[in-house]
Amino acid sequence: MAPGDRRGATFASEFRMPSLGADMQAGTVVNWLVKPGDHVTHGDVVAEVETEKGVFEVEISSDGVVDELAVGKGAKVPVGTVLARLRRDGVTTPPATGGAGTIETPVAAPTAAPPAPPAAPAAPAAPAAPAGAAPAHIVRASPLARKIAEAKGVDLANVTGTGPGGAITKADVERASSAPSAQRVETTAAPPVAPPVAPPIAAPTSEPMLAMRHAVAAAVSRSKREIPHYYLGTDISLGAAMGWLAAQNQARAIADRILPAALLLKSVALALRKYPALNGFWTDDAHHPAEAIHVGVAISLRAGGLIAPAIHDADQLSLGDLMRALSDLVRRTRAGGLRSSEMTDATITVSNLGDEGAASVFGVIYPPQLALVGFGKINERPWAEGGMLGVRPVVTATLAADHRATDGHYGSRFLAEIDRLLQTPESL
Amino acid sequence: MTTTTATTENATDTAEQPSEARAAGGDHQLHLLREMLRVRRFEERCGELYKEEKIRGFLHLYIGEEAVATGVLQALGPEDAVVATYREHGHALVRGVSARAIMAEMYGKQEGCSGGRGGSMHLFDAATRFYGGNAIVAGGLPLAIGVALADKLQHRARVTACFFGDGAVAEGEFHETLNLAALWQLPVLFCCENNLYAMGTAIERAQSETHVALKAAAYRIPSWDVDGMDVEAVESAAHRAAAAVRAGEGPHFLELRTYRFRAHSLFDPELYREKEEVERWKQRDPIATYTATLRQRGVLDDAQLAAMEDEVLREVDDAVAFAEAGAWEPVETLTRYVYSEPKTDPGAAP
Amino acid sequence: MTTYREAVREAIRASMIADDRVFLMGEDVGRYGGCYAVSRGLLEEFGPERIRDTPLSESAFVGAGIGAAINGMRPIVEIMTVNFSLLALDQIVNTAAALLHMSGGQFNVPLVIRMATGAGRQVAAQHSHSLEGWYAHVPGLKVIAPATIEDARGMLPTALADPDPVIIFEHAALYNVEGALSSSAGAVSIDRAAVRRAGTDVTLITFGGTLGRTLVAAEQLGNAGVSAEVLDLRTLRPLDTNAILDSVRKTHRAVVVDEEWRSGSLSAEISARIMEGAFYELDAPVARVCGAEVPIPYARHLEQAALPQPAAIVEAVRAVVGR
């Protein structure tokens, strides 16, 4: 048996130009962040690619060793072009003490004086934070465990390791594969850790902005052409929500204060759990609801243009985390440091016009998504409640949805759920 | 036993021989000259070939010392054994290893006597019981007494001739071996080719006692000093010593005083000796002096010498042509000869 | 019941009776009866020609063994211990191992060299080496380590029949070990490892003098619910890589127990081979329990602390198995 005969973790020998948006045709590699000989693990940012929409950090989805870079800096190539080739090099596990990004073979095993015993499996230890503070996306698992995990479709990120140094063993994988619900519990206890962020890149110049306009034009044209939209709207009182938010924010530092936008986004995400038919895609003439809820946030760019990167697993983030993710997303969007997965993973989009917006927005669905939720400006309006007249902060929530996947009745109930959630902000 | 100096006094005095004996002696004398000439011309050609990069690695030429190998090996028969050093081309030639096989080995070709695996320093030939060819100074001495031990244990009246230089005298193995050989009375003929230099170190700088035969005598081994530039003196001493060894009288030792005219090896700039010294020794060139002797005896004339040179030249040319035409062993068989291969033919000799 | 020592003696005796070409040569093998009393009585039985005392000349008598072997004999050269073999390293590495090759296949060397090896008897730094790895490093040599009485009896005849040089390491601590030996015991293989104890959770790989302690550790582990397989290498060059990999593929974990100093030892070679051949079968890194990196000390407690002990083996296994 030669090395490489058996497959370890995810491996693909070709890394191709990804599609970073509905209408991306081609991209230009403006910077390579790896060179031949470098080890990569799925999730590593390996290149910066420029499209009409700006410059994105592109992540690789395979483990391996970079064999050759097939496309040089400055070359514009169509989506799908092979950008780099990888070779297998087994999977190396991180050192017991290592900074982010160092990949080494494990420290030598015990001699007459053995090391400390492995971590006890009593509490579900977050696999993203092993004893040695290794980078979150490198999972310590034995080669055998990886092999079995792959065969059984077990995600190692959800497995607790009981082997030497907390590594995942065959037994751990087998235990995990026979107790799927346990995995979800562990996952909620371990919030995902963001991959390293590249330094910000200068905002696009006018020529790319023209290209962006074209891209937007193409996208919305296609959307209107192909997707039979239906529209619904409802007014939602945010009295309780704003009051609760004010109290929350009093206890927080200014930098940590939560904006209403976070409440709105969270309510959409949670509502989708009850109404999953609106979360996902219509492709190949069929409805493909998505398992995870990645909320795309429509963000306007200062120089003009619109982009809608995703906040992953928005339903699982705490409000604080969601707020941080939102701020971070906005900052990076405007600075140009978005990642390809953020561009491609949104399962629904929310367009929040915010303070300067109109009262309501009836948006255009971002193909191939199934819906777009809009929030207008929150303003004070007269509000009747329990027979009494008062003034409340009110927002108009709208839904534009693909009639092929859902109908108005379903959409209404979805909006009603958002309303209900916003009335009980402590549940968000 | 004390040391004695062997000169030509014990050799046949040709002036008093009857003519038939002289004729017979004459043939043998020509044979001696021819053998030395074969070695000389072969070695000269090797030197040239090395400069043409046909021969690589280390090349240690025997030029000047031909009388030693030629003379000693006359005293051995085919059932005897020879163990030599890295300066062993002459010994191999005189012993009977073909010039072709030796030259091919120098080239590194498959047809070489060691299959191209050994090179200049590791000539081996089972058919002539030529046990190498050793690049470790004094490394062959223990091997030689082992070969002799086996003969003694199997009650075979054989001689193992062991050649080594003055440098080997410094190694522990020299002393261990001589001691053991004498203790166990092993049938070894020790031949120390004292050319006064161990690579670049003159013997006076390496030995507190430079008379090597004395050291052997200290181990109770009968030892002779021999003029190594005189082929007949060498032969005579070798016959006496070998006869004694073969008769079961235990090991014997010859210190053969000789001189190498060329450098230690082709890489040596000879900074350690004076040109004048080399020239002085060249006056005693064994071939030149023996040629003169044979002419004087009337055994050799110009025509014979020319014919001999011609014959030798053809043999060397033939050997070179053979080597040039030889084949390189395929790399695929690189890991052969690490361990013995199973014999495919059960009738083949082991 | 017999001892390891007696088994070796009987092996020499039987071989000499069966083949006139076999003789024993070494320091104090005759009159003294052997430093470890292995050859006691053999001088009286076979005489001084075939049981040869040598002077303290390792280089000369090992070289003589080589010469005798290429000229029709089947010598057994006894070097008192591996520590003194260093004086003969030139003959062993530069001649015995290389002669067949240098001569293009003409001269094989059917020589057997026996050496005592190992530590544990408070004889300090110059008398306690384990250098099996040095010899196992050299192509042209075969290196074996009989760890059981059966192997002590049976490996020597096979080694004598081998056309190439075979070095036999006898761990000095084994000579007194007692055990049963079948009266019909004879030659055994010298190119195979042997599973001394079957198991499923981890493979313990060892050789020679540490087999005993490894088996003790395996017993303790068994009582604690860890099933350890113990593989006795028996041959160090060539290594029985197939046996090693077969076992590791079964248990998915390996711990190598080797009295040599860790760095550059045979355990490193074995670990590399497991990584090369069974990487994707491993559920944990290969662990090694080796001699401490120190010249062997004289004081008993220090010496014992420097050598692989059952407790350390058990610890290593537990770390690898995780329980």
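Note that the chains are named A, B and C in the order they appear, and that numbering of residues resets to 1 at the start of each chain.
Here is the rule we use: a contact is a pair of C-beta atoms (placed from the backbone, for glycine too) under 8 Å apart; a residue touches a chain by one contact, two chains touch by 3 or more.
This structure is a prediction, so every number in the text was calculated from the model and none was measured.
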Touch-based graph of the chains, sorted into line, ring, star, complete or other: line
Central chain (by mean CA position): C
Euclidean distance of C-alpha centroids - subunit B vs subunit C, Å: 41
Length of the line joining the C-alpha centres of subunit A and subunit B, rounded to whole Å: 84
Inter-chain centre distance, subunit A versus subunit C - centres from mean C-alpha coordinates, in Å: 60
Two or more partner chains touched - positions in subunit A: none
In the complex with subunit A, residue positions of subunit C that touch it: 252, 255, 262, 276-277, 279-290, 292, 305, 308-309, 312, 315-316, 318-320, 322
List of subunit A residues in touch with subunit C within their complex: 1, 3, 5-6, 8, 90, 106, 108-115, 117-118, 142-145, 147, 162-164, 167, 169-170
Subunit C partner contacts - residues on subunit B that touch it in the complex: 81, 83, 112-118, 122, 124-126, 131-136, 139, 141-151, 153-154, 172-173, 176-177, 179-180, 183-184, 336-341
List of subunit C residues in touch with subunit B within their complex: 23, 49-50, 52, 54-55, 57, 59-73, 75, 90-91, 94-95, 99-108, 139-140, 142, 163-164
